[in-house]
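Please see the structure below; I have some questions.
Lettered A, B and C in written order, each chain numbered from 1.
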Amino acid sequence: MLHLLAQAEPFRSPTVDFHAFAPEIVLSVSIVVVLLVDLVFDERGKWATSSIAGIGLLAALVPVLTLAVDGADRSLFDGAYVVDNFALVMKALFLLSGYVTILISARYIAEGDYYEGEYYFMLLCSLLGMLVMGSARDLISIFVALELLSIPAYLLAGWRKRDLRGNEASLKYYLLGVFAAAVMLYGMSLIFGVTGSTILTEIGAALDGGEAPAPIVVVGILFIVIGFAFKVSAVPFHTWAPDTYEGAPTPITAYLSVASKAAGFVALLQLVFIGFLGRSDVWGPLFWVLAAITMTVGNLIALRQTNIVRMLAYSSVAQAGFMLAPFAVAGDIDVDRGGPLAAIPPVVTYLLIYAAMNLGAFAVVMVVARKTRSGELSSYGGLFEYAPGLAVLMTVFIFALAGIPPLGGWLAKFVVFRALLDAGTPAAIVLAVIAAVNSVISLFYYASVAREMWMRPVPDGDRAPIRIPASLGSALALAAAFTLLFGVSNVATRFGDLAIFGFLP
Amino acid sequence: MDSFDDYALTAAVFLPLAGAIAMLLVPRDAEGTHKLLALATSVATLGVGGYLLANFDYDRAGDMQFGIDKPWIEVINSRYIVGIDGISLPLLILSMAIVVLVILYSWTHFPEPHNPKAFLILILILEAGMNGTFVAQDLILFFVFFEVVLLPMYFMIGVWGGENRQYAAIKFFLFTLFGSALMILSFLALFFLVQEANGGEGTFAIPDLIRLASDNITRDTQLLIFGGMFMGFAIKVPMFPFHTWLPDAHTQAPTQGSVILAAILLKLGTYGFIRIAIPILPDAAVEWAPWIGGLAVIGIIYGALGCLAQSDMKRLIAFSSVAHMGYVMLGIATLTDFGLNAAVFGMVAHGLITGMLFFVAGSVKERFHTLELARLGGLLKQAPRMGWILGFCAMASLGLPGLAGFWGEFPAILAAYNPAEGLSEELFRGYMVVAAIGTVFAAGYLLWMLQRAAFGEPKAEWDAVRISDMHWNEYAAWVPLLVFIVVLGVYPNLIFGLTDDAVRTAVSALGR
Amino acid sequence: MVDTIVFVLAALVILSGALGVILARNPVHSALMLIMTLFGVAVVFVAQEAHFLAAVQVIVYAGAIVVLFLFVIMLLGVDQADSIETEPIGGQRPAAGVVALASVGLLVLLAVRAVQVSSGARSTSSALDGEGTNLEKLARVLFTDYLFAFEATSALLVIAVVGAVVLARKPAAEDVQDRKGVGALGRTRSGSGR
């Protein structure tokens, strides 16, 4: 044994840039603190875990800011882990939407008698996975990040474990998620086999061939994209979403539909625009089909929903279709207009705006449910009469989702249309028309919420006002402020433009 | 104070919003405070309008004035460009004035379910959107303001409207939104197609597009882009056959909503044609003009026939709107400076007169709780002053010379006699004849309405009901409108003097 | 030549094992057949000079995971045979057949066309380059290039432990079902749209 050790080259530990890892380290420390506090404190002290989790997230934002001020792109582990502007923008998005999730969770979890400490532990772990995802630039890191963010999410989806629908939510999400991961992993192994590397930039260099792609490459890319299509709930891989959204605790539903979806898009952006950049002939048509049917099917089914959570679930499916659209045409964008990479800012901008408005909508759903104990659309009848402030906020979020200026959503849709017309090919224009028709269709069901709130009578005549807890109130205020700010200023597009990759093949 | 020039238009747009935000902070029960706040805001906004009127350089009415140009959304090179010329100014002032009058009228006339706070806030948001549309000189800015008016109007109809309010509200919303979706695609197409000519960067600035668009875009593409804009604006006008939302919206909307809808919102569409579609794509406009003219005269006749079939006073006025906007569109379709002058005048006149008619209809409804013409009658006996005012408005609306309506209709018909170069004279003269026949119809249906509502003996069912005549705030809201109908009728140069230069600038591209 | 013989033998073992897993009526037999398959794969790994992988295959898969399977099967009771005649979702079997055929077609296509792969990158079908044993090189890569992913995996293990506790833990008081909480926002399942 000893002589074996003597034989080996002396081990040099890799140099690690701790500043680059600081957000993850801060978050990991708060994860440990949450776990310990949960262990030490008894039932009456458990509430502290939510505060610690919230503070931990905000604290993790500090190194993100210092890294942003520093400005240099950092590449670690031979390019497997990269801190560039894209990573920082996405990390900020994850941390902020995680913070809002904690704000809307606090009362729900405390009052619902669920395990508190473990809940925040899981939430933070999932967010850690997202932070890693923002920086992961090789297949293995992406896979580990995906598992790190998904496994806690499977558990969180079933947190109401004495409720059958909660169990169904968790189980469906888990089984389909694992299946998707397996498909994706198979694709990754094929790509690794062909290119001989797991680093995305090297894969990008190896796949950048002029001639027709080998079938094995096609299958590899197809499988990987399908794996993430599950994650972002694109049709026809969306079937888990409505049941999971309905059965999961509402804060987790909000979290899944915003942060988890964003993480899926982040991975897709990295894989497609770094790893498979030269093979847009493979993924372009694939994304075209995904985008077109995702927005159409999502909208058409959303029309028929009478439960607001399910409606928001399908609406988020449809919104994912809009986010997929720029992928579809990326390969057709002229080089002098930025080339395929010009498709990234619209997606990032959309993600930012979508996060604000969707979290806001879910926060309102939670506040209203505190009174009505229901998620039925009809329970929103006459909301304007007894809770005008809430009704106005919900109106803002709903019409922002519908894309009515000057509320945030229009700019998101606008940048997507712009990318589509920028490409200018017939296929892109057809997709733009499909998207335009879809945004009109979506208005039907968004407006039905407004109609319920403003124009229908109160269903049971109970006009007692709704008390809004401070944490939910601040979440609402944050979401509303960002929704309006994004609509009338260039903040979102500015960040979308900032989010560029530091290292490309 | 020179520096205020730079902020005057911004103030005109955002003062109402500031007022709305202030009102948000006042509790709902303080109704008096809300009314005062809303009135003060709208009067202050009108004050800004007065300042604009006083400082507008009337010798340069064809140029953009009070302009500012600030970066806004840089990545899409959309800028905050505002400015007014002789076309925008009268419409901007009209919008400011109508809002003040509507708020005055509202003082004691809040429709069910009451709630003055929300109602007045919506009116102020509407005003911000309308004023913004009239001053925006950037397509994206224009689009945003164009859409801002949708939501308040949706809620105004849907919450405070009549029995079928929800249907009417969503119909209004969907029709307009569908047009907007195509319109924004057209705007984007313009953005990209001038990119090369503009030094590699696309632009949404209207002056730049006027300079670049027609020379750098192929003819077929221009036609398509014009088509997209046509859908957006024509639905808003509304032109036949996209008008079906209008009677529903008008019938169901509360009085204040109807007045604003008729007086201002419909003008956003025609204004869009004059400000954006025609100057930017003059060649496509020439191609489209015969079709627009055709739809316009169909609208005139269809609107008139529609009026004759109505039994509800408000619905009748709504159909008369379709007919009147037909004249405006006919004026626009001639593509001559004469026709466009007539169109702008027609827009203002229609705003004043139809606004007034809806006011009267609202007050009648409030007293009788019905607008069924079959149940009305003898208004002149029950409430003589209101009856006379209704008669006066009907006269103005049918285009009696000496009142404002005449100067909107007559020149538009006249302009069709001699349309712009490139348009078929025979065709437009045919349109002219049809439009002239339309004026006879107009006299027919308006006098018929007047006869059924105001003349004769009151029906027996009202014997026991005490019908009050005018209230102080009805006077306050109506007298300014009536005065202007007369003043503009006697001295139309007040508007023509303003618009003439600006219109010449707008059509100057056509002759190139 | 030797390689080919080894591969053919191993492939036979793998495939017959796999078939056995599906076809065996007794779940214990299925599990044992699975072990056979996994052993076959391990042999293939050895043929590829992936000794470490082969060892992991045997120890982790055959040793630990299948034993776990057997544990569960035994705990649940071997005699509980499910009827596989009934079809839970209509049309599932024909659909499965189509998908299976398509998959086979895809595999054949891949196998036929795979020779044309020309990416210019090095092949990964042999052992890692350089001095030293496989194990040592793996360890070195794991603690340098993939250190971060390795560390992140440790977080996964903690999550697994906590998650297992949460799932298995009995509530302190029974029937505290959503005592004060908002509870489900869903409606009854009947009639919910898909």
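Please note the rule applied: contacts are C-beta pairs under 8 Å (C-beta built on N, C-alpha and C of every residue); 3 or more make two chains touch, one makes a residue touch a chain.
Listed by chain with UniProt protein names: A = NADH-quinone oxidoreductase subunit N.
These numbers come from a predicted model, not from an experiment.
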(message) Using only alpha carbons, which chain's centroid is the nearest to the whole structure's centroid?
(response) A
(message) I want to compare two interfaces, A-C and A-B. Which one has more contacting C-beta pairs?
(response) A-C
(message) Taking the mean of the CA coordinates per chain, how far is chain B from chain C in Å?
(response) 68
(message) Taking the mean of the C-alpha atoms as each chain's centre, how many Å separate chain A from chain C?
(response) 28
(message) Can you work out the whole-Å distance between the CA centroids of chain A and chain B?
(response) 43
(request) Note the residues in chain A that touch 2 or more other chains, in rising order. (result) none
(message) Which residues of chain A touch chain B once you look at their complex with the stated criterion?
(response) 336-337, 345, 384-385, 388, 395, 399, 404-406, 410-411, 414-415, 417-418, 421-422, 424, 432-433, 436-437, 439-440, 443-444, 447, 450-451, 454-455, 488-490, 493-494, 496-497
(message) Applying the document's contact rule, which stretches of chain B touch chain A when the two form their complex?
(response) 28, 71-76, 113, 117-118, 140, 143-144, 147-148, 150-151, 154-155, 158-159, 165-166, 169-170, 173-174, 177-178, 181-182, 184-185, 188-189, 191-192, 195, 200
(message) Please output the residues of chain A touching chain C within their complex, sorted ascending.
(response) 8-9, 11, 13-14, 16, 28, 31, 35, 76-78, 80-81, 108, 111-115, 118, 121-122, 125, 128-129, 132, 140-141, 144-145, 147-148, 151-152, 155, 158, 160-163, 165-166, 192-197, 202, 206-207, 209, 214-217, 219, 239, 242, 246-247, 250, 301, 304-310, 365-366, 369-370, 373-376
(request) Would you tell me which residues of chain C are touching chain A in their complex? (result) 106, 109-110, 113-114, 116-125, 132, 136, 140, 143-149, 152-153, 155-156, 158-160, 162-163, 165-167, 169, 171, 176-187, 189, 192-194
